[in-house]
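Shared between the two complexes below is chain A, which has chain B as its partner in the first and chain C in the second.
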Partner chain A sequence: MRMLAAGITPVLAVVLAIIVGGIVVLASGSNPITAYESMLVGAVGSPFDISETFISSIPLILAAYAVSFAFRSGLFNIGAEGQLYMGAIAATWVATTLSDWPGLPLIIVCIVAAMAAGGAWAGIAGWLKAKTGAHEVITTMMLSYVAIDISHWLLEAGPMTPANAFGTPESGPIPPQAAFPVILPSWILPNARLNASLFLTILAGLVFAWILWRTPLGYEIRAVGLNAKAAAYGGINVARRLVIAMVIAGAFAGLAGMVPVWVQMRLYDSFSPGYGYEAIAVALVGKNSAIGIFLAGLLYGAMIHGAVAMQANANISGFLVQILQALVLFFVGAEVLIRWFLRRGGFRALAEAAS
Partner chain B sequence: MTALVSPVVPETIPSATPYLQMRGITKAFGTLLANDHVDLTVRDREIHAVVGENGAGKTTLMNILYGLIHPDSGEIVIDGSPVRIRGPRDAIAVGIGMVHQHFQLVPVMTVAENVVLGQEPGGIVVDRRAAVRQVGELSERFGLVVDPTARVETLPVGVQQRVELLKILYRGSRLLVFDEPTAVLTPQETDELFEILRGLVAGGKTVILITHKLNEVMAISERVTVLRQGRNAGELETAKTSPAEIARAMVGREVLLRVERDEAHIGEERLRLDGLKANSDRQLPALDGIDLTIRSGEIVGIAGVSGNGQLELAEVIAGLRPVTDGHVFLGGEDVAHQTTAERRVHGLAYIPEDRQARGLVLPFDVKDNLILGSQSRPPFAQRGQRNSDAVDERAKELIQRYDIRPPDPEAPAQSLSGGNQQKVVVARELAENPKVLVAAEPARGLDVGATEFIHRQLIEQRDHGLAILLISSELDEIFSLSDSIAVIYRGHIVEVVPSAAADRERIGLLMAGGTIEGGTPSASQVAQAAAALANEPPGTPPVESAHQ
Partner chain C sequence: MDIVNTFATILARPDLWAGTLRFAAPLTLAALGGVISERSGVVNIAMEGMMLVGAFFAVLVGAATHDIVLATLASVLCGGLIATFHGVASIHLRANQIVSGMAINLFALGLTSFLMFRFYATSGTPSDIPALPDVNIPVINSIPFVGAVIGDLNSIVWVSILAVPVTWWFLFRTRIGLRIRAVGEHPRAADTLGVSVFRMRYLCVILSGLFSGLGGAYLALSVAHSFSDNMTSGAGFIALAAMIFGKWHPVGAFLACLLFGFGQSLGINLQGTGFPDQLVAATPYVLTVVALAGFVGRAVAPAADGVPYEVGE
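Coming up: the complex of A and B.
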């Protein structure tokens, strides 16, 4: 019940965003029904689209876990982008280096490498925070730039560029035996790209919730996030918990970086369209809960993929999607407004629950 | 300084029509009836106390009077004519002023600037000199000693409160409402405030005092309106009633105002502080070599004017503040450099002075708060996993034993009343059978019923052999609970006396830094003590008071 109540604001925010977005479409001289219809069909209208929607969603969901986990300890990890890059680099490096390994151990090592690299990168910010009080908004952000630039250096005719790359900034191919198995059978969709990283994402969500709610560590991290003074009073080593929370957060982001590389089977320069930044919005809309983030990530992924069809079929600019995303975020942020709507509509109890 | 200077007794002039009448005030918040047909009648030029437990509806009633809340029904009559108060602006216009519990001052501005804020003298440019003059006159007229040119942030709390008072006097208020004004004051500042209140009444003002402290009601008010659970529970003449009667009306049953306690059965040494030194937050020495021993079965009370190191003492013992020198022996072992968690394992429990900022994680539910400090130990943690059954069981047991309300382990701590929040803290700290308890301001802000409950728990635990260090700024609390009293002054324990042999006046003087070689203190010593008690920064000469 509490979970349902917590979901009211985001759901209403989406509804309001669709209404306001529709007005925007109308004002620009197009038919909002057509726009939404083509977006919806474009997002989930066929097995292919559903598969692609998932592919757009998964990195967002994982990176949002990184944002949220840190947030539970009271830290704003806005540098998931950099942690994601470090994860992608590490996994790619391991995969290309150990390319003669058999599949299963290689996948596992790659996953571990991605999570370790992302975790270490975020851990630096956590350590700086604990030791010196350096604000994590600054450090995670700056570390993001560093990570992205490291990837440029590695890929633009750098140590990770293969000899036969002809000037394309990219890594060598991920060995095929390291690929995640495709999970859509070919009679549904031949050559589907949706792979077992979806299960990994679901597992990540379970781990996220398990740590936070089912372990003393999670209790301590949440206590630190909600009242560090009380946490210290309860004998919790606040500094250490901050570092651990950042490391775990970064591990989620590292995984988020590996997944898109394992779809394209090669690490391209600037491979992320900003998953780590978009993830902040997903975390907010998902209200920092495992299920909420999963659903919010799917929504954002659907909007991103659906925009392609909308632009092509309904001839409406894909920027509508960005407007919609902004509106969803705006209305989630404007909880007070939502509560006001609920109260006006006579849903007093819901309004209280949504607070 | 009432205790030292003879108080001004106000001349009350009874009049036929009451100055203020609130009739049948009703206000519901959701399903909760905060005020249920409440009546309040205040005569002209009286000090009228409105008392009740937390949640009895006092603050709601006053917020309605001040226009901050709109009642569902009921009327307000001033001087015989009904008024409509739609907001604070209306309230000010009909002569009502309110001194809030949390001051609404701009810290970086001067006293005069704060007082005239919103009604500045002069045209486009504020006439600062006129402001200073007007505020000076006002403070002189009502005997409020305050320098109009001082910056508010440099003033002690008691003086800041006077600035709040000047603000409403400046706006010409006739009815002055004080919401728990003494909650933030030292005993001496409280005495000074009371003298000011008497002066105000003598000067033609009417005062409403919201409080739940019975000794204050008895000391200052002429009549008392008692509220209980949103309803009127009595209107009493102070001269014809007793604290016990008021308490009974407030709580609805007999209340023991003084805890009964048997003789202490003192056992072995549990906590020994040896030359303990520590710094304040500003890295200045706060504890300057504390020597103190607390044994099983006794309560040692630390008496002192706040700011003399009590807070730091509690934190150092709890391991939340580094020891710069000396030792903390807990059950014979030196724990001075152990972590808080290690000390907890060694049997240390701590009721912190601020339950909301330190004692509880307010958004956590009750059951999670009930294991704070034990969360990583069995039975609550097993093989890195949380044992939810053990957590639930502990919550169920403690909620029942301490009568925590509502009895819902999943209610967020922030939804509980202050008394129940404190019960959660106390229940948790006593649950692990500690050997030593540091109790800092255990009853701060609690009403009569909750205070009685907490005090009884402390006595009970002492009788079971717990060693308790009690830190309190309420001298009454120290005297009624402690077996011996240690006076702290500027980071030193000045003296430790058995409470049976302790003399209030002498303790007060020691708190102020006086040293007595027998005999009665001299007049200058008394003046010095009073100044120090009024929270003057140490070292400054006592300010000449301008009371007429």
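Coming up: the complex of A and C.
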């Protein structure tokens, strides 16, 4: 019952979003059934599309862990985008610099670099919050813009621009031995790109839940998030816990930044279509739990990948996805509305449990 | 020495200072909207979305009617309309206001880009949309330097500057402003004294939408002369930062917007001087972090900011 109740709000929110989104499509003079059908087929219509949906989802899920972990300590990390850029930059820099290293150690060093860079970038905001009270909403956001500007500089005409770039803002190639192994062999699914980063993402979810619910550190971080004054009174060093929470959060984001680069095997300027911002929505829809975020991330990833086919086949703007994502978020936020619907429909017990 | 000379030359350029005011204008309008909303106790991170909606409908109506008044009116009203959704969610439905604000931002991005594809996919927005008028001040215009800075600014730049004292007066010197602040600090007490918490909050959230919508109209009609997907590109978030940086005060928020405007203008003026302009572009953001950590200290939000009010507990 509890599991059902926890899931009922997001599920109903999705249903409501599909209905309202359909009305928007209808009002703009297109057929919503065609739109949704081509989106669904585009997202999960073939084994290849399913694997691509996972590719769209993974950075969202990892970045959402970054948003959520900070949120558990009471901090609103809206700068996952910047932490993700720093992770991508660091991993790319290590991979291109140590390009003669053998595969496995190189991959591990790259992962460590991505997580360290993301963690350090977020840690600045955490440290400033703890030391001076500087509002993390501003500092993380400002640091995002700084990180993105740094990547523009590095890639457009800076130290990471290869000599033969011909004006394309991009890094040199990631050496092939550093690639994550593709997990679907080509005799099962030709040209599949889904790689072992999926396992890393599952592992990250387990680590996320393990730290928060099975370690003293996680207990203290959650205590700080629930009531910082009470936590301090209970002998917890609040400032230090805030910094650690941000560093761990940033490490998730750093990893989220590395993954899409390791799909394209090169760091392109503006490689992120806003993973760090959409991750905020994923974290909220997933209710800040490891499994919830994973499922919400898959849903958002499916919509993003399905939209490509929808725009091409049904000639309806792929931005319908942003409308749907916004509506899901809106209805998850307006739980009162969902409870009201449930009560009206005679599901009183469920309505009470969903609160 | 070379660096000093370059900077001295740039600082003496009227362009730099006129640009500062121009870049600051849309930020100021949105930030003032944010100040009003949050002073009444409704957290508003949705200025970005409200600006985007304002920008799109300014272009849509401007292209259809060729009437600048109608275009501006449409953008302001649409900003207010989308703000009303945030109001209903935060005030009546007691939703988490950050969630609702993010939803509004995402919805605005989706809706405007969706309609953009629907109406202008092949050709882009038409070029014959009306522009907001510039204000040419005859006497000041002929004063050296000063004339070049403020002699020929867009009308909305002046509106944004005038809106600062007006907002201050409204919030701190009128009866309704006192009620707004009371509702934002201690809604229960205000309610007891007969002030309608809901009415005040709706008023303020909608006002923030009107302000942000106007900021969006300025970006579309007078800066870009067009609409493109996600054209506000974070201006609403910068305005949000300016509001917190300015400690939820109209004048403070305005000064913060001027700083951001200066940073943007400086970045443009430094192009072609051999500085890596991507790094210069990051200066205002770094400055904000440094200033926030070093000088401004703890920013204290209105006490009831973000807390939904429940009638009759």
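In this section, the second predicted complex is superposed on the first by the 353 of 355 C-alpha atoms of A that agree within 3 Å, B and C clash if a C-alpha of one lies under 4 Å from a C-alpha of the other, contacts with A are read in each partner's own complex, and residues count from 1 in each chain.
In the analysis below, a contact is a pair of C-beta atoms (placed from the backbone, for glycine too) under 8 Å apart; a residue touches a chain by one contact, two chains touch by 3 or more.
Note that the structure is a prediction, hence the values are computed from the model and not measured.
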Contacts of A:Phe319 with chain B and chain C, given as first, second, both or neither: second
Which of chain B and chain C A:Gly167 touches, first, second, both or neither: neither
Winner by number of chain A residues touched, once chain B and chain C are compared: C
Touched partner set for A:Ala231, first chain B, second chain C, both or neither: first
Partner chain(s) touched by A:Pro159 [first = chain B, second = chain C, both, neither]: neither
Chain B versus chain C as contact partner of A:Gly133, first or second or both or neither: second
Partner chain in contact with A:Tyr145 - chain B first, chain C second, else both or neither: second
Which of chain B and chain C A:Arg214 touches, first, second, both or neither: first
On chain A, the residue positions that both chain B and chain C contact, one per complex: none
For the chain B and chain A complex, residues of the former touching the latter: 30, 318, 320, 339-344, 350, 352, 357-364, 368, 372-373, 375-376, 380-381, 384-386, 388
Interfacial residue positions of chain C with respect to chain A in the complex: 85, 89, 93-96, 98-100, 102-111, 113-118, 121, 229, 234, 237, 240-241, 244-245, 276, 278-279, 281-282, 285-286, 288-289, 292-294, 296-299
In the complex, chain A residues that touch chain B: 213-220, 222-223, 226-227, 229-237, 348, 352
Footprint of chain C on chain A - complex, ascending: 24, 28-29, 76, 124, 128, 131-135, 137-139, 141-143, 145-146, 149-150, 152-153, 156-158, 278, 280-281, 284, 311, 316-317, 319-327, 329-330, 332-337
